[in-house]
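We call the chains A, B, C and D, going by the order they appear; numbering starts again at 1 in every chain.
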Amino acid sequence: MTALALTGLHAGYDRDLPIVKGVSFTVQRGEAVCILGPNGAGKSTMIKAIAGLVPCFGGEVRLDGTDITGLASHVLVGKGMGFVPQMENIFTRLTILENLQIAAQLLPKQDRAGRIDAMFDMFPDLGSRPRELAGALSGGQRQMLAAARALLTEPRVLMLDEPSAGLSPKLVGQVFDTLRRISETGVTLVLVEQNVRAALGLTERALVLVDGQLAHDGPADALHDGRLLGELFLGHRTAEAGS
Amino acid sequence: MSQPSQPPILQARGLTKSFGGFRAVNDISLDLGTSEILGVIGPNGAGKSTLFNLLAGAVPIDAGSVHLAGVNLTHARPEARIKSGMGRTFQIPRPFPRMTVLENVMTSAQGQRGESLLSALIAPRQVAAQERANANRARDILDFVSLSHLEDQPASVLSGGQRKLLELARVMMADPRLILLDEPAAGVNPALLDLIIDRILAINRLGIAVLLIEHNMEMIARLCPRVIVMAAGKALAEGAPAEVTRRADVIDVYLEGMPA
Amino acid sequence: MNPQAIIDGLISGSTIGLGAIGLTLTYSILRFANFTHGDFLAWGAYLTLTVAGVLGGLAAGLGAPVYPFSFGWGLPLAVLGGVALTVALALGLDRILFGRLRARGADTIIIVMASFGASMALRSLLEFIFTAKPAYFTKALQIANPLGLGMRATPDQLLVIGLTLLLVLVLHLVVTRSATGRAMRAVSENPALAGVYGIDVGKVVRVTWIIGAGMACIAGVMAGLLVQIRPYMGFDLLLPLFAAAILGGIGSIPGAMLGGLIIGLAEAFAVQIVGAEWRAAVSFVILVLVLMLRPQGIFGQRGA
Amino acid sequence: MELLAYAAFFLTIALTYAIMCLGLNVQWGQTGLFNVGIAGFVGLGAYVSAALTTPDAAERIGGFGLPIAAGWLAAMIAGGVLALLVGLLTLRMRSDYLAITTFGIAVALQLVFQNAESLTGGAFGMAFIPRPFAGLQGQSFAFNLVNLALTVAVVAVVYLLLEHLLRSPWGRALRAVREDEVAAQALGKNPVLLRIQAFALGGAIMALAGAVQAHFIGFIAPGNYLPMMTFQVWAMLIVGGSGNNRGAVLGAVLVWAIWALSGALISEVFPADQQARAASLQIVVIGVMLCLILLWRPQGILPEVRSVSRHLGRRNKDT
């Protein structure tokens, strides 16, 4: 069963200079996929276009078979699209609880408190101090809150833009442990990452984007020896890369 | 090209910058010889852009110092840095889109008398003479970056690569001693990439030092005798590009973003 | 120094504060200085007056004063109608003018300019319809009762102060406790992220206009009740409103109220010291002082 | 003859507005600074010039009987200094703080005109302001014509001066700052300094317009400098085309013509007791027009032209 399908997506900030240039792929329900690629390849722009934050100029995006191309971001949330931006992904002037309450507004009234409690169980760091301002959280805790917010509405697809950005190795481990737990509950995961090793440890399948186009779509294992990545990131053109 | 015997043109010591609780740049020091090209590489999030912004004066420095040819620029505003001989380009070029290519370059001349409201009013002759001289110089520089044929066009018509060349021309017009280049290869098609690399080398041959932050390893390999690899805000390795990119710890940070 | 200045200041400060609430909310959520806001006060007063006239025509008894106030049940009923019409005016203006400019991605300052043009048009339209002659909600004269310490106030004036405090309290609770208030604070911090959280930013914008225009109408009626109704009443209040909103800190409801009270009191004391003719300069002096000393205002966040 | 005299009078007034428009164009059209206190700057110029040039009067300070040119110069200095102060206070902050502050300046100056009786004559204003070519006052046509010529000359001088500045390196730096402040800064331009200069220059020109107008009419009162005037000048610039100095002059004449014609129409159509009321319709029309232009043709009638620095000449063949 296809959860997310892109067909020939063109997107960017300026119609004359698209950053994503005709990308097609599908993600099955329950699958975890990471999107890799060098800086400036258009990974972030693509995921934002899917989430309704960047204009699409051509092609289409389907969520569970429904065409969602170009819908506003708040409409997509209601349709089961969860998105965690890379930076500024929580409201720092609101409390932790309020951040979750905003997201819970989309749920039926009787479910709200229960879902918030479930998130606090999943992220005890947040549950221990719900009335603190989110701005007081550390980098890793902010990512937790952002993920909890997106998960609260039980999205069909959860997309994250570089959840490891700016985190220490220990926190990266924690965040990816959390993502693994999330993935194991059956949520479809789409992940843009720079931290290739951590991402490949989590997902079965990897997409590599280069200059706005898909350069690789296949099992994540194929990338483990680092040859392709060495070429992409460090300019190695020969097979001894990564050895 | 590195000449350790000469005093460095750029001396940065203990540069440190935190955002919130996050140390983006952590105690980085670097020296740049008077006619050296130094590359700074590293995975995304390593702090390269922040380092660039600290040197260019785009964000305030928490700790450390920056000296250009002995002049303390640690807290100088961007407009003061270029006057002291430190020029910069932008990763996404920022031409003045509705001004012509020639005007874009001329804007960047330093010490223009006509930029003072008073001189523009009371000394039109001197201003005109200086303008003619500047125009000629700007045209020479446009020749140098192969944009002469576009001098009367608004900058908005330029392609991505041409915009990068215009940025080079603009910064050259300011007569710098050091140019900070922020990803000059980003968004440039392969044909123009060769030209840009060639022009950077030519600029360097004029005795202008270049500090280059870049992801494109081909450009790094062709331009930089020496690179610094950044990871997690620190300098992880330093040396010739061919050597450092094969070090296991460098490959690790590229694949994991952090030193193991 | 006459202690009566305190009462006078609190009374005019209440209207200024109430009007500044709408201004501070539109500023923090729609991100522009809305020069039509003063005219919402004037339109609110005239629309309420019109509704009151219609109600009085339908049921004459509604106009009879209710002791101890100078007005009858008709006025509070008319205020409901006036608020609804003022809100419709603000939403309509957003629909045909501000919203279109926003959708086009126009610069903030273009939207400010449009609000300036709309303000002139709205004010002159009032003058055309109702003439420049002052109008009154009531012709009844009220005796000011002594409050002690040499201060006196009429029942109407005390009602205005009380009602203002009540409204500010309710609004403050709405913004800090309710889902709508959370969404408003979220949009004012980061509109793009609000969409990612599932907030309909367009709806929040509409709520902002509803609250802002509603408060403006009530403030206009209060000013009309205590003084008189004139087409220029809102325009004359615009500078105090801006000064109060900036003094309190953009986006802060208690701040706008406190700013309003400070300006009301400062005006009242200035009237006693340098004379009534300089009253309008007080807000300007306060505005300049705030911009020089603490541009983020009393409750404002830096960079907000 | 009567009609021609009136036409000259009409054009002279319109051209004083054109000077204001040119001043606003420096601030808004070239620099993007929103001034909502134009009437304050214009009034300041009028009062300063009047105070310096009127004959000595018992009831107020001032009345130095200086030549008209001295009054105009002083007006420009006053307007420039006031704009400089406002700029220093607000130009580092969000753009709309300047709008609010200039709005406040106009309100505060209006109070000074109204209440500082010993300086301004209070509500009655100031009369006996010397008029240029006063010797011709008896022949209305000749008098209006030479005054028109003088005003045309002032407009021409201001226009040429601004065009010269626009094409100078100063104008180029100003455009660079407007197009991309960060890039301009990296090239050594100081955005705040350039903006403050442009704002002060615009303020000085507006004050000059006020002085020219005051000396043409010979009488000023606080009621001349209401927010209405600010609004009219804005409408003129936006209609004519902001950023274009010819557009500023065209807009001033055009909007003033619409204003005068609609005023004449109202006095024809409405009975005398309703005319004041109907006059407010004029303002409604101009306000709606301003909004419609912002919505449908933000560039105005004459869009901004690319102004390239002169002195560039053609490319030297030998280089």
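Simple rule for what comes next: a contact is a pair of C-beta atoms (placed from the backbone, for glycine too) under 8 Å apart; a residue touches a chain by one contact, two chains touch by 3 or more.
Being a predicted model, the structure only gives us computed values, none of them experimental.
Undergrad: Using the contact definition stated above, find the chains touching both chain C and chain D.
TA: Looking at chain D and chain C together, no chain touches each of them.
Undergrad: Consider the two chain pairs A-B and B-D; indicate the one with the greater count of contacting C-beta pairs.
TA: More C-beta contacts join the chains of B-D.
Undergrad: Whole-Å distance, chain A centre to chain D centre, using C-alpha means?
TA: Taking the average C-alpha coordinate of chain A and of chain D, the gap between them is 55 Å.
Undergrad: Report the inter-chain centroid distance for chain B and chain C in whole angstrom, where each centroid is the mean of the CA atoms.
TA: Distance between chain centres, rounded to whole Å: 52 Å.
Undergrad: How many Å are there between the centre of chain B and the centre of chain D, using C-alpha atoms for each centre?
TA: That gives a centre separation of 44 Å.
Undergrad: Using mean CA coordinates as chain centres, what's the gap between chain A and chain B in Å?
TA: The mean C-alpha positions of chain A and chain B differ by 33 Å.
Undergrad: Using the contact definition from the top, classify how the chains connect: line, ring, star, complete or other.
TA: ring
Undergrad: Let me make sure I understand the interfaces: which chain pairs count as touching?
TA: Contacting pairs: A-B, A-C, B-D, C-D.
Undergrad: Which stretch or stretches of chain D touch chain C in the complex?
TA: Where chain D meets chain C, its residues are 32, 34, 36, 89-90, 93, 95-97, 99-101, 103-105, 107-108, 111, 114-115, 227-228, 231, 234-235, 238, 276-278, 280-284, 286-288, 290-291, 294-295, 298.
Undergrad: Where on chain D does chain B make contact in their complex?
TA: 161, 164-165, 168-173, 175-176, 179-180, 182-190, 197, 201, 306, 308-309, 311-313, 315-316, 319
Undergrad: For chain C, which residues are in contact with chain D within the complex?
TA: Per the touch definition, chain C meets chain D at residues 32-33, 35, 97, 100-101, 106, 108-110, 112-114, 116-125, 127-128, 131-132, 235, 238-239, 242-243, 246, 277-278, 280-281, 283-284, 287-288, 291-292, 295.
Undergrad: Once bound in the complex, which stretches of chain A touch chain B?
TA: On the chain A side, the touching residues are 17, 38-40, 138-139, 162, 164-166, 168-169, 172, 194-198, 226, 229-230, 233-236, 241-242.
Undergrad: What residues of chain C sit close enough to touch chain A in their complex?
TA: Spelled out, the residues of chain C in touch with chain A are 179, 182-183, 185-186, 189-190, 192-201, 301.
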